[in-house]
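Residue numbering begins at 1 within each chain, and the chains themselves are lettered A, B, C, D, E and F in the order written.
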Amino acid sequence: MVSIIPEITRESVVYLIKEGKRADGRAFDEYREVSLETGVINKAEGSAKVKLGNTQLVVGAKTQIAEPFSDTPKMGVLMTNSELLPMAAPNFEPGPPDENSVELSRVTDRCIREGKVVDLEKLCIIEGKKVWMIFLDIHVLDYDGNLQDAAVLGAVAALMNTKVPTATVENDEVILDHEKMIPLPFNEKALMCTFAKIGDELVLDPSLEEEEIMDARISIGMRADGSICAMQKGGKKPITRDEILKAVNIAKNKTEELRKYLE
Amino acid sequence: MIKITVESDLSTGTETSARADGRAFNELRPLKISAGVLERADGSAYLEMGGNKVLVAVYGPRELHIRHMMQPDKAVLRCRYNMAPFSVDDRKRPGPDRRSVEISKITSEALTPAVFLEKFPRSTIDVFIEVLEAEGGTRCAGITAASVALADAGIPMRDIVVACAAGKSNGQVVMDLSEAEDKEGEADLPIAMMPRTGEITLLQMDGHLTGEEFERAIDLAVEGCMKISEEQKKAIKERYGD
Amino acid sequence: MVSIIPEITRESVVYLIKEGKRADGRAFDEYREVSLETGVINKAEGSAKVKLGNTQLVVGAKTQIAEPFSDTPKMGVLMTNSELLPMAAPNFEPGPPDENSVELSRVTDRCIREGKVVDLEKLCIIEGKKVWMIFLDIHVLDYDGNLQDAAVLGAVAALMNTKVPTATVENDEVILDHEKMIPLPFNEKALMCTFAKIGDELVLDPSLEEEEIMDARISIGMRADGSICAMQKGGKKPITRDEILKAVNIAKNKTEELRKYLE
Amino acid sequence: MIKITVESDLSTGTETSARADGRAFNELRPLKISAGVLERADGSAYLEMGGNKVLVAVYGPRELHIRHMMQPDKAVLRCRYNMAPFSVDDRKRPGPDRRSVEISKITSEALTPAVFLEKFPRSTIDVFIEVLEAEGGTRCAGITAASVALADAGIPMRDIVVACAAGKSNGQVVMDLSEAEDKEGEADLPIAMMPRTGEITLLQMDGHLTGEEFERAIDLAVEGCMKISEEQKKAIKERYGD
Amino acid sequence: MVSIIPEITRESVVYLIKEGKRADGRAFDEYREVSLETGVINKAEGSAKVKLGNTQLVVGAKTQIAEPFSDTPKMGVLMTNSELLPMAAPNFEPGPPDENSVELSRVTDRCIREGKVVDLEKLCIIEGKKVWMIFLDIHVLDYDGNLQDAAVLGAVAALMNTKVPTATVENDEVILDHEKMIPLPFNEKALMCTFAKIGDELVLDPSLEEEEIMDARISIGMRADGSICAMQKGGKKPITRDEILKAVNIAKNKTEELRKYLE
Amino acid sequence: MIKITVESDLSTGTETSARADGRAFNELRPLKISAGVLERADGSAYLEMGGNKVLVAVYGPRELHIRHMMQPDKAVLRCRYNMAPFSVDDRKRPGPDRRSVEISKITSEALTPAVFLEKFPRSTIDVFIEVLEAEGGTRCAGITAASVALADAGIPMRDIVVACAAGKSNGQVVMDLSEAEDKEGEADLPIAMMPRTGEITLLQMDGHLTGEEFERAIDLAVEGCMKISEEQKKAIKERYGD
């Protein structure tokens, strides 16, 4: 997964940023073109396809009835998984998820879980015995930077798109009515904004080229009311307190902007 | 030599209504192929056929890092057939299972004869097939799309390999089984071929066919291949012009 | 698993074949010496040892009571597994089954399953709850070519050799009578014939030397009535329609020939 | 620049009794750090903080055998965060899980900025963090102990990285959440920093914080870091004298 | 795991031994300083920390209620596992247990099981259904030779330190009283002594330096009455019958000596 | 030095009837060894002893591809002990478990002292032991057969290592425990040795033996080894003549 960036690329990107410009002409706080399509996989109970510039991924939601975890007997189960498919980049390898893939799915999971996107308590059918279990699979098809924001947007959209059969309980048995499909109990459209720190600047929605030379990365998950539900700093260089607060500030408008694609 | 004029021999004019989805015995499901759909891959293609949605990326020719696989006089063509967890009714656990290992192997063997591997010694050409949604016949769909992605990657080839299945369903030998027909059906016979010479590069069968039925099925699969081959050419032409 | 064949070997084998001869003097449609012994493993419920020339393998069948698959609640379960033991060839590695081993077991499984060798429906004890599960393990001891035909022959022989205790149901509990052992419900002796395509010729039961230089391989599974139950093409070169039909034709007599070893 | 004089701004004098273990909102759990506790490792440290018991060993700089990880111009700093099977209430299966893979990654990123890796091209510095007993805040405990172990190994560093969490529990923003506070609490915000410059090398958050609460929490976490930093220095001094 | 010992080290150690001396000044039948502390991990139901010179390990015992094995329906279950942590030595690698780790845990398990340290039959709660299961995890922190004796000492100490809640059965359900914690049913303090054969001598409790150049290794597990419960020979050179008998003889006093740390 | 004249010392003439299969206390199960039973392997042997059926193949000396295992001054002798899934009452899952990992290790240590490894620097000799059917004492059966296979492969050896267990069953010290005796018995003591010098290359014990019983058991195991050693020599002679 090591990718060698020519020093000259690094220098030119950094130089541009210093000049207030980005290689693709965007403003520092501008997303690339966003495209969101839902219901793209008929066999999934919910699905969404996201394009962020050339970055492309599909999120599929599969539901099944399962036992709840013993420490949360009244709550449905959400499992978030991601695969950085070898098709998506020349340096992605087949095999079990590496640390980048694990981080992507865990941060997505935290944003959705802590942002209370779905009301997991309403997914309980029989306390301690039967709950809905939702598998969210993030399938990365084309990698051109900023998977994190695309993954959260796709995950929220797929959950909004998901329908399950009505479940009723008779004599301790669960009866599913596939004629009456109902949407998941939906709470919040928590979304995530990611910035790359390059030199002294923060740039939103880093492209692959920017990610490869960035100093640090900060992702901010926000609810519609502007409260924070998740954050993750990445990268091998530090970031300052003031940069973090600045990123939080920008994220308010930018998650709002992304949220419009969910309408 | 394969004769493609089998249609008139087989069609009796009565079988057409017998299929659940109303297709004629020698009718393909609706088919759509596009080339060049991914940014990072050297070549790519997307195919929809009936309910199947298949995406293929090609990388290479590129350096092969696994020394014991390296061939001193030619490239290796490696395939990875993979199903998305959400592509099937019951969620599939990520990672290869025995079925996908076998399909990856025979897909590689199906494509290999068409590629001028000898032009790229010590290297690899990697074909990644992702089944985003599965509805019967994904191995053929994968091979068909992979050939287009190889062409999109500019890999020099003798021919564009194409794949299609025939089978037996409701007592009738038919082209391109749907998922329902495959599950309930009596036999399935997927093949891949090089249309120019008619040579067969993949063939599998399971079920119950008499010798005569088998011969009809193979000819019907070949016929399907020839039809799909036209769609492949269109997709490539659309991407690159004439 | 790459094995380098001296160009001179290749040439001499191909040359001989062109002349209508094989290195070991066999006719193109002639099997090597076949030896079949059953009941060779006392701890297995069924077993068979097959020699095909120097190729040697043991198939063991173990039975146990298990739950059926949810989509086939009335059918017993057959699991076919194979191991290309590192003892069998200098280039076989220990570890989980590679693609050759997976193909061997899956094609064997298809031939037996689609050939209806065992009546799996008669292996149901309590619908949806308890059925007989048969594990067929193909243990390859010495590899000198054409494992496929040996594996199918051994698997069918092991199944014919298998005995299970009589199972009766009382109050929803399964009672096994180990005094009354009964054979499996046996239907069909479906067997497989494998040909190597070398130049313009098809040779039956390829030796290792022939396999290593062959263009393509075709295996044909047949019931006693000459109908086809399974086929698999292998190898990195193509084969023609006419060659396939010719192979099917020859296979009729040759599976019949093999079938005599099962009497 | 981080101002460390936050205490007087935040403290209202009423919150101190609200925590289950009786701590003030800006009070750390009892803390003990020792350096040089292992014989074989090049450097080591042992840390107890509340009910946490964490042991860290450092090996290196040493030769890196995995070629594709090697950096021609600097060392790689690898971390392995691991929980002993007996460190938690329900026995944990040995081996890495997704949580420990993520923590290993961010721990490595938290320590990397402080180490002069460019002094050791083509080599590796390996940090092994063993959680022998876990009671909330083990990732911070691991980073804090790892810095001491790196110093004990004589690895040249710009600064001694230190980590501490703040969070929200019972409606109150507090320093250094215990396990009980973390489980029941509304938010957790672990950070790591370099005390000399105030720069932040790790930051994670989950839960529910308003912008204003977040700002208070980050400042409280920084305050915790500064206190712990003193204990790190004492441990190193104790081991080596002044 | 290969570690190259300079020939000069080997020669000097062997020379010293021939002269009747050891590099650290110990007698041939002398243990390094032993330190044993129990109850070191509050979240474990039992625990012990052992130092043998610079060798250091922690053993933790976790208990849970589980089903018994079908062939021992009346017996509790003991599972012994060990990890040679990469922190413990520069040549230990992360990953699943290698053959040395497997041998360490299996020999420890045999000594404890065959030495009847814990009365597993008294750990049965409902025959065939519910028994206590004890996981013993040996966590090797610092490796300076003779893990085996340290592991057995730590394991026995951890088991003596383990408490489980009183379990009573009402209407086929197990009720645990965490107020009434009781120790495990303890039988025997079986312990182990390990010798390295170097040249013609046997030295007790080999240091890492001695292990690296030893010819063979012999470990002897003994009960308090001097009867033998487990043995294991290791190393790539042979040992004689008389050396084995001599080791057994010395082990009587030396396990007795170690046993005092358990009081 | 081992005295092989133990029989008269131990036999009291009364123990013979106490064993379930009617054997005398110092009687082996029926034993059959053949060398050279496989075509591809460089050396091979097949052994039946009571209900045990064990097949061994030897490859080498051959190039060792795993660099970190390579020894500059000698060959490495690697063993893989494996049980067939159908070799035991309840089907065993394929692949190594902890038991087979341990047996593979001690088998390698049991054979190593007899082989002139220094003649083949940087190479490997691979011994593959397959237990086709298990009925107690398979590790000893494997070692005994492996030595014959090594001889069949023409590997130069100091001696033909041989293995046999003694144990305690029904209160009596006996030779070569059957599966039933091992399961119900009080102790099991497998050993391997080099008959020429009497040196012991493998020794394990579990159960309950007094010092005196242990001494009798070891001498009985040695006696068993000496008997089996004769059968090994016969098998080798049969294969190659004198």
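The rule is short, and it goes like this: a contact is a pair of C-beta atoms (placed from the backbone, for glycine too) under 8 Å apart; a residue touches a chain by one contact, two chains touch by 3 or more.
All values derive from a computational prediction rather than experimental measurement.
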item: Those chains which touch subunit C and also touch subunit A; value: B
item: Set of chains whose contacts include both subunit F and subunit B; value: C
item: Centre-to-centre distance between subunit D and subunit A (centres being mean Cα positions), rounded to whole Å; value: 27
item: Whole-Å gap separating subunit A and subunit B, where each centre is the average of the chain's CA atoms; value: 33
item: Junction residues of subunit C - those touching two or more other chains; value: none
item: Subunit B: positions in contact with at least two other chains; value: 68
item: Topology of the chain contact graph, where touching chains are joined (line, ring, star, complete, other); value: ring
item: Chains listed in ring sequence, where subunit B comes first and subunit C follows it; value: B, C, F, E, D, A
item: Residues of subunit E touching subunit F in the complex; value: 2, 97, 99-100, 102-103, 105-106, 110, 113-114, 218, 223, 226-241, 244-245, 248-249, 252
item: Residues of subunit C touching subunit F in the complex; value: 41-44, 47, 54, 56, 58, 60-62, 64, 81, 83, 85-90, 94, 96, 135, 137, 139, 141-144
item: Subunit E contact footprint on subunit F (complex, rising order); value: 2, 68-69, 71, 98-99, 101-102, 104-106, 109, 112-113, 189, 193-194, 197-211, 214-215, 218-219, 222
item: Interfacial residue positions of subunit B with respect to subunit A in the complex; value: 38-41, 44, 51, 53, 55-57, 59, 62, 80, 82, 84-91, 94-96, 126, 128, 130, 132-135
